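Residue numbering begins at 1 within each chain, and the chains themselves are lettered A, B and C in the order written.
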Amino acid sequence: MNVKQQDKLATGVLYTIASLIILVLASLLAFILIQGLPRVTWHFLTTPARSFEAGGGIGIQLFNSFYLLVLAMLISVPLSLGAGIYLSEYAKKNWLTSLIRTSIEILSSLPSVVVGLFGFLIFVIQFKFGFSILSGALVLTVFNLPLLTRNVEESLASISSMQREAGLALGLSRWETVTRIIVPEALPGITTGMILGAGRVFGEAAALIYTAGQSAPALDFTNWNPFYIASPLNPLRPAETLAVHIWKINSEGIMPDAVAVSAGASAVLIIAVLLFNLSARWFGQHLYQKMTSSGKKGA
Amino acid sequence: MDPIRESLLKVSHQAKLERRGRLLGLFCISLIVLVVAAIFYFVASHGLATFYHDKINLWDFLTKQAWNPGTKDSHGVPAVGALPMIVGSFLVTIFAALVATPFAIGAAIFMTEISPRRGMQILKPVTELLVGIPSVVYGFIGLTVVVPVIRQLFGGTGFGILAGTFVLFVMILPTVTSMSVDALQAVPRYYREASLALGATRWQTIYKVVLRSATPGLLTAIVFGMARAFGEALAVQMVIGNAALMPHNLVSPASTLTSILTMGIGNTIMGSLENNALWSLALILLLMSLVFNLLIRLIGRKGAMKS
Amino acid sequence: MGGLAVKKRILLIVTLLLSLITLTACQSSADRGESITIVGSSALQPLVEAAGEQYGSEHLGKFINVQGGGSGTGLSQIQEGAVAIGNSDVYAEEKRGIKADQLVDHRVAVVGITPVINKKVGVTDLSFAQLKAIFTGQVTNWREVGGHNLPIILVNRAQGSGTRVTFEKWVLRGAQAKQAQEQESTGMVRQIVATTPGAISYMAFSYVDKTVATINVAGVAPTEHNVTTNRWQIWSYEHMYTNGQPKGLTKDFIKYMYSDTIQEKMLPQLGYIPVGRMQIERNLNGQVTVPK
C-alpha cells in the first residue's frame, strides 16, 4: 500500500469515526426528543408539578432552573474572570502558583456529590441559608469556578504577547491593557467556556439535591417583591430545578405518569440548553464586535 | 513644588488602577483557594476519622473485600473493605478512556484537519450540547436502552462494568473531543505547511507531524476525561448495579466509589462509623483527582520542554 | 467607549443583586411569611409534601418545605436542630449515633412492605424460611422454591435505607444478607425487578404497580387489612421526629397531619395506612399489644 492509498484509507476511517459519533449523538438526542416531545405542551410548561396525580407540569422547575443559573453565573463569572486574569497576567511562575493551579483543578474533578454535601453542611446548616436558591447558587459556583477560571486563563494566554506589548507601549497600565485589550480579544473563547459552564450548571442534579432542595413550593407570579416568600425572585426559597425534578421522579415518583413527565422534562431540558447555547453564541459574537471594533459597526 | 517634580513623585492614576486590579484578582484567587482548602479539610477530617477515631487499619481498608460497615466480622472489626469499589472505579474509568480515546481524537482530527467547516458547524455544537445533558438523563438512557441490550447479548442482569463503561464513554466523549480539538488547533500552521511542502500526504502530515507535536495536549485531554469518569456518580450508579463485590466479569453487578458514596450518605448518621467510612471513600476520590491532576501537570511539563 | 458602558451596566446589576441578597438575608421574618423545613425519609416524603401543599393553600403565608435525603439525614438534622421536623422510617433508637431521648416521636402513618418479584418467576407463595434462604443466598434458583428454572437475582435497597432495615428486621431476623446489587430508590428497584428475569426485591405497598408481582408470605397476602391486624408482619411506622415538644407552626402542622382530611382522605389515596386503623400497637422491640 503506498502513501496515497494510506491517505485515502485514513481519511475514510476518520470520516467513519466522525459520522459514527454524529450517529451516536444524534440517536441520543432523537431518543430523548421522540420520547419527550409528545408530552411537551404549553400546559406542561406552565403548570406546577403534581406529586401524586397525573397531569402535572414543570412550570416552576423551569423557572427555578433559569433563575438559579442566572444567580450562579452572576457570582461565578466575575470571580472566575478576576482569578483567571490574575493567574494569566500577574501570577509569578513559582511553586505557590503551581500549587494554586493544582488545587483549582482538583476542585474541578471532585464528584458533585461531595461538593453538594459540603455545600449542605456549610451553606445550608452553618450559614443558615436553608434549602434555598442562594445555597444552590453558591454550591454551583464552587462547582463551576475551577472550570471557568481555567477557561479564562487559557483564553487569555492564547492572546499573543504583541497585544500586551502594544498596550504597554501606549502607556496603559497592565490592568488597563488586560481589561481593555486582552479580555475583549479573548471574549469568544471566554464566552464559549461560560456557555459550557452554564450547560453544566443547568444539568447538574447531585450537587443541588442537598442544597437547593427537592421541593418546589407554589410561586405567586404576581408578586415580584423579592422579600415575599412565595415571590419567584426570593433567593431564600427552596427551589427544585428541572434536573433535580427528573432525578426525583425517576427515583421516588408515585404519580401515574412519572415516565412521561420525566421524558418530557428531559426533552425540555435539552431544548433549553440548545436555545441557551445559540443565544449565548450570538451574544458573544455581538459583544466581540462591539468591544473590539472588528465588526462592521464598530464602537 | 514644581509641577514636574510633583507629577513624578505622585502615584499616578494608572498605578493606582493597576494596584487595585491586582488586588481584585488576588482576592478572587484567594477565595477559590480558601474554598478548596475548606473542602479538603472537610473531607479529610471526616475521612480520616475512620482510621483515627474508629481505629480501622488503613491497609485493611484498602485491601479487604467485604463492605458492610454496619456489621462486624469474626474479629469484632467492622467490615470496611473498600477494594471492590476501588477496583470497580478504576476498571470503568480505564475502559471508558480506552474506548473514548480513538473516537475523540478521530473526531478532533476530522474537525481540525479534514473538514473544518462541516466539523465546526455540525460536530462542535453537538458535542457542546451534550455537555449540557444532565447525568441523570444519561443514566436513564443507560437503564432503559444499554442495560437491556447487554442482558440480551451476554445474559445475566445487564448491570455491571460494561454498562458503566458505555455510559461513561458517551459522557466523557464531548469533553475529551473538545479538549483534543484545542490541542490540535494549537499546533502552528507552519508545521503543516512545511510537512506538505516536503511532499507528505495529508495523513502523513497528521500522523507524523500534527499528532506528534500535539501529544501532550491530547494526553491531557484523555487524563482529564478519566478524571471526569472517575468522579461521575449518578449515571454510573444507575447502571452498574451497586453490588460491593469484586467484579468477576464485565456483566456482573459491581460498584464504584461514587456509587456507594452517593447511595449511602443519606442513610447514615453524621459522625457514625458508617458515615465516616463513606467519607473515607470521598477522600480516596479526592486523592485520586490529585493524582490525575499531577499527571496532567507532568505531561504538560514534558510537552513544554520538547517544544 | 461601548465596552466601558457595558462593563458599568454589568457592575450595576451585580451590585444591585448582591445588595438584594444581603437585604433578603437581613429582613425580619414577619413580612416574608412563616415557614418550616422538614427533612428525611424518602418513603414519607410524598405524603408530607402533599400534606404540606394542602396546608399551605389553606393557610396563606405559611409554607412547609419538605426535602428527602433519607432517614439518616432526617435524624441527623433533627438532632442538630437544623430543621423543624425529621422524617424517619425507623425508630431513632435503632440508629447508632442518635440520642433518641431528646427527640419526640410522632407516628403519622404505617407502611406495609412486601417482597416483589419479576412476573415470570412463577412463585406465588413463600414461607419466611424460604424468603430468608433467598436473601441470605442459600437458595440461588427459583426451582428450589417451586418456581421456574431461573437463577435468583437479588436487588437490595441501599444499606441503612429504612425499607431495607424493616424488611431485614422481620425477614432475616438478625441473619446477614447476601452481598448483592443495591439501589438507592424504590423507583429504580421497581424498574429493575420489572425488566430483569428472576429478580426479587421488596418495596412499600404504595409503589407496587402492575409491572411487578407480589407474593404471599406464609399464606398471608400483603393487604392493608392484614397489616392492621399484624398478620402481615413486615411493616413499619412512619415517624416525624421533633427536637423537644413542637411549638408554633411545627405543632400546628403535626396536628394537621393527624386531622381527618389527611389521615382518612389523603393517606389511603397515596397508599399509606392511617395509624388509627391499626388494631394493634408494636413497640421498638417488636412486642405487639392490643390497645383497649
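Following the convention adopted for this analysis, a residue touches a chain if its C-beta (ideal position, glycine included) is under 8 Å from a C-beta of that chain, and two chains touch if they have at least 3 such contacts.
Predicted model only: the values in this text are computed from it and were never measured.
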Touching both subunit B and subunit C (chains): A
A-C or A-B - the one linked by more C-beta pairs in contact: A-B
Most remote chain, CA-based centroid, reference being subunit A: C
Approximate Å spacing (C-alpha centroids) for the pair subunit A, subunit C: 33
For subunit A paired with subunit B, centre-to-centre distance based on mean C-alpha positions, whole Å: 17
Two or more partner chains touched - positions in subunit B: 262, 265
Shared interface positions of subunit A, touching two or more other chains: 78, 179, 250
Junction residues of subunit C, two or more chains touched: 42, 68-69, 73, 80, 184, 188
Residues of subunit B that touch subunit A when the two form their complex: 14-15, 17-18, 20-22, 24-29, 31-33, 35-40, 42-43, 102-103, 106-107, 109-111, 114-115, 119, 122-123, 125-137, 140-141, 145, 170, 173, 177-178, 182, 200-204, 206-207, 224, 227-228, 230-234, 258, 261-262, 265, 282, 285-286, 289-290, 292-294, 296-297
Residues of subunit C defined as touching subunit B within the complex: 42, 68-73, 75-76, 80, 95-98, 153, 158-162, 176, 179-184, 188, 191-192, 195-196, 199
Residue ranges of subunit A touching subunit B (in the complex, touch as defined): 3-4, 6-7, 9-11, 13-15, 17-18, 20-22, 24-26, 28-29, 31-32, 78-83, 85-87, 89-91, 98, 100, 102-107, 109-115, 117-118, 121-122, 142, 145-146, 149, 154, 171-176, 178-179, 192, 195-196, 198-200, 202-206, 243, 246-247, 250, 262, 266, 269-270, 273-274, 276-277
Subunit A-facing residues of subunit C, complex: 1-3, 6-7, 13-14, 17, 20-21, 23-25, 27, 31-33, 35, 37, 42-43, 45-46, 49-50, 53, 56-57, 61, 63, 65-69, 73, 77, 80, 82, 184-188, 206-207, 269-271
Subunit C-touching residues of subunit A, taken from the complex the two chains share: 51-52, 71, 74, 78, 124-125, 129-131, 134, 179-180, 184, 209-210, 213-215, 217-218, 226-230, 234-236, 238, 248-254, 258, 287, 290-291, 299
